[in-house]
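Please go over the structures that come below.
After this come two complexes, each holding chain A, first together with chain B and then together with chain C.
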Partner chain A sequence: MTPLLLIEQCLNGLQFGVMLFLMAAGLTLVFGVMGLINLAHGSLFMTGAFAAAFVARTTGSFTLALVAALAAAAAAGALVEVAIIRRLYDRPHLDQVLATFALILIFSEGTRWLFGSFPLYLDIPEALSGTVMLPGGIAYSLYRLTLIGVGLLVAAGLYVLISRTRLGIQVRAGESDREMIAALGVDISRLYTIVFALGAALAGLAGALIGAIQSVQVGMGEPVLILAFVVIVIGGIGSIKGAFIGSLLVGLTDTLGGVLLPELFALFMPRADAASAGAALASMSIYLLMAVVLVVRPAGLFGVRT
Partner chain B sequence: MFFFLPGGMGISFLKQYDNSGIDLPVVGPAFSFDQGILQAVGKAALGVRNTSQWNKDIDNPTNAAFVDSFQEAYGRLPSLYASQGFDTANLLLSATKVADVTDRDAFRTALEAADFDSTRGDFAFAANHHPIQDLYVREVVEEEGVYTNRILGLALEDHVDAYVGECTM
Partner chain C sequence: MTRETIFNLLLLGALLAVPLYARAVDEPYLVTLATRAAILALAGVGLNVALGQGGLVSLGHATFFGLGGYSMGVLASHAQGYTPLLTWPIELPGTTSMPIVWLVAVTVSGLAAWLIGALSLRTTGVYFIMITLAFGQMFYYFAISWPAYGGEDGLSIYVRNGFPGLNTLDPIQFFGIAFALLLLTLAFAALLARSPFGLALNAARQSRARVQTVGLSPYRLQLTAFVVSGMITGLAGALFADLNRFVSPTMFSWQTSGEILVFVILGGVARLCGPVAGAVLFVALEHLLGGIGDYWHIGLGVILLMVVLFARGGLIGLLAGRASVHD
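For the complex of A and B:
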């Protein structure tokens, strides 16, 4: 365990964290503003990845693929919101879970029907491949650095959107009291569709960016969705700042846990046992983190007790 | 560098490994380089050596007919999983020809005999019911825009599972 490896893993954890933030931001907005648990968020992640893979294959341009991912996920989100989600706002959470779970199945089978069961090809563009030399002699992947940059940019953009724009005011007001802002003349339905589509677009962007370094296949969104839920519970429902801090915490804990825990166990266990024990504990580490946070702050780090 | 990560994990690993700039050659079993996932990996997999008991260019009539008919039916090359399914179905059919399924002992004996034409060429079961088969070294290549494998040579001939001596069957 050299310092170089540790720094590199910290960067990996940071990259993982900001990508989780793209997912968690949409999820927490939808939960905070509309009070809706959306399990289909992972499917929107998958939709973005598939749209990007398809467009990259037909046009050869990664930029167009990203635009397609944003557009496809936003469109899918808006469509799903108008057609189905709209009917779920006044229903209890369990109904929402059941309905959005059904959406997962519909999205998955629909994608399989359109694209087949085999994973699709999506690769990082030539311009972003290779490594860059960071201070300290660390050769780090340029694409991952770009992901960190994109994630931070989106975070800054969301901050500006929520705190400085009219839409942001409406979103914040809607989180506090949605009946009041409807009474004040804000078109609630339109606001909800926009918020849902925005969350969906962010998920789609994450899907396209991650799909380039992982695999684009049906069901790729569900593992990320689970992590996103952990993030918003840690960060506090409805809080973008909470989603940001929470996602960085989860990203770093998961990555560093996976690297350091086997090393820790190797100090007093044979290598093979240490590797499996360490891996097992590492996969639990983010849930342990969530449990600790909930004990100390039951509403999450930046959550508001309602 | 040896690795074994099937499916989506293999795709992720190969793409990231290719981008990392490390130039240790990669080796692995065929499950990380099967026909289904090679297209998703793309050029990151080119030149990788992998070992398998089957490849589409094994030269026997059964295999040639299998590959051709699969392509005609599904418009793509078969994977080793498809060849295993095909062989299994033929094995079962060969057993049903000589014994009734309800007569367990007779059916088991018929299965052990493995009297069918396999896509792998010679096929027989060892005492522990693992196959005795040839293992080939393959290389990932690109043929007419499709990524697939090509046999480089024979790795092990009539290879038997390592624990057959300890099997009590």
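For the complex of A and C:
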């Protein structure tokens, strides 16, 4: 293991982390403001990826594909919120879990029906393909570097939106007391739709961006969704800052665990055994991280104990 | 007799009558479907102990289902390969005896439920849902990445495990085993709900503070319920593996957790036979809608959505009215 390789893997972890943040931010916003647990957030991620792959295939433009992903996911989010999710805010979590599980079934099979079972492919745009030389002589994929940049940019934008704008004030007020801001004349149901569509758009963006380095297929959203849950549990529900820190922790742990653990085991085990034991332990590493956080701080790193 | 009791008896009677009829007209496929329904119902009865009585929304019961399945798979694969399961500290062979497999499955899933429960129950509500889901996923990835027992491909077992005095390869006899275990477990769940423990558990769901005030620990009550729940679902997993003679990481997947939850809800939460009604309905839908087209999950999704939005008592609530006990 050379230091160069280690830095490269750290960048990979960072890239994975910021993409997780795009998912986790929407989830934690929706939970913080509306008190809703949304399992179908992964379906919105998938919607973004499929919209991007479809538009990229027909027009050949990656920019248009990204716009389409944002628009399709936001529209799907707004539609689902108005038609179904809205009825669930006052329901117990169990009902929310089931209704959004039902939405996953509908979204997944609907997408399979529209696009078939075979994965679609979304190519990395010409301008972003290839590698770039970083200081210190590290050749790193330009596209992945762009993803890190986009993720950090979105995080900064979200911070400004929540802490500096009128909408942000309403969102924060909605988190602490929704009856009161409704009484002050804020159209609460419109606010809910906007927040949900915003979260959906972020998920859709993540889907499109990730879609270019993976294949775009039905069921791609749920593994990311569950990782985003781990992020939220680690960071604390409702906290954007917690989601950001949690995402980076999970991204780095997952990526570095996969690389370092087999190396570590190889120090005292035969090579082949070390590879399998290391891989098995690495696949569990983020959940063990979550378990440790739960023992030390049950409400998450930045959560408020209720 | 309340309407619910009559409904329960009719339901269990029907579940018993279908395979007997199918055997008479020589339709072994129907017997397998009924066995599948009985086993999935058993998994649901397990979840219902945590969910219905304890109010614990676990989205990770596939963990116990999978552990039960892998207990069977691992023991039987060692037995069929004549390799020892353990060589140290003592040499332990695999086995193909169902009672031993069940014992191992129940113990392993109980231990896992104790570990997961002890951590997850430090939190409540939506955290609990996310954490159980996450731990389920952990076992899923572990099963995929651990190559010793098939990894992603799973394990095939060539011969069904044996039960003393029965021919388990005869579909109707295997159905009998599954159905008998389902009845025993239902009786156990009914007794549990009426026991002092069950009453305290119900109270902990409704008012945590009051239970604490009278000197009981909600955490310990819920942890016990979670462990019992995991053990029953683990037993169902071992039977399910025996039914298919195949185990794979799919048993651990989050979809499996979701489906077990769906049985309980389709039938009716906290109803004794709710999971049975739900599992029968699920298997019937899977068979009927699956026969119409490839995309039967859309239909299932729509039905589930309708049940959640408009028919909150599930099938039993619809047919037998409100629960007679106040909950």
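One rule holds in what follows: the second predicted complex is superposed on the first by the 306 of 306 C-alpha atoms of A that agree within 3 Å, B and C clash if a C-alpha of one lies under 4 Å from a C-alpha of the other, contacts with A are read in each partner's own complex, and residues count from 1 in each chain.
The working rule: a contact is a pair of C-beta atoms (placed from the backbone, for glycine too) under 8 Å apart; a residue touches a chain by one contact, two chains touch by 3 or more.
Quantities reported herein were computed from a predicted structural model and do not represent experimental measurements.
Of the two partner chains, neither chain B nor chain C is touched by A:82.
In the superposition on chain A, A:31 makes contact with chain C only, while chain B stays out of contact range.
When the two complexes are overlaid on their common chain A, residue A:145 makes contact with neither chain B nor chain C. Between chain B and chain C, it is C that contacts the larger number of residues in chain A. Shared-chain residue A:260: touches no atom of chain B or chain C. Looking at the shared chain after the overlay, A:230 reaches chain C, while chain B stays out of its contact range. Using the contact criterion defined above for the overlaid structures, shared-chain residue A:167 touches neither chain B nor chain C, since it reaches no partner.
Touched by chain B in one complex and by chain C in the other is not one residue of chain A. Put simply, chain C touches chain A in their complex at residues 51, 57, 59, 119-120, 122-123, 125-127, 129-131, 133-135, 137-138, 141-142, 144-148, 254, 258, 261-262, 265, 269, 295-298, 300-302, 304-305, 307-309, 312. Interface of chain A with chain C (complex): residues 31, 37, 84, 87, 93-95, 97-99, 101-106, 108-110, 112-113, 222-223, 226, 229-230, 232-233, 237, 276, 279-280, 282-284, 287, 290-291, 294-295, 298-299.
Those residues of chain A that touch chain B in the complex are listed here as 118-124, 129-131, 139, 141, 143, 212-217, 220. Across the complex, chain B meets chain A through its residues 7-9, 11-12, 15-16, 19-21, 36-37, 39-42, 44.
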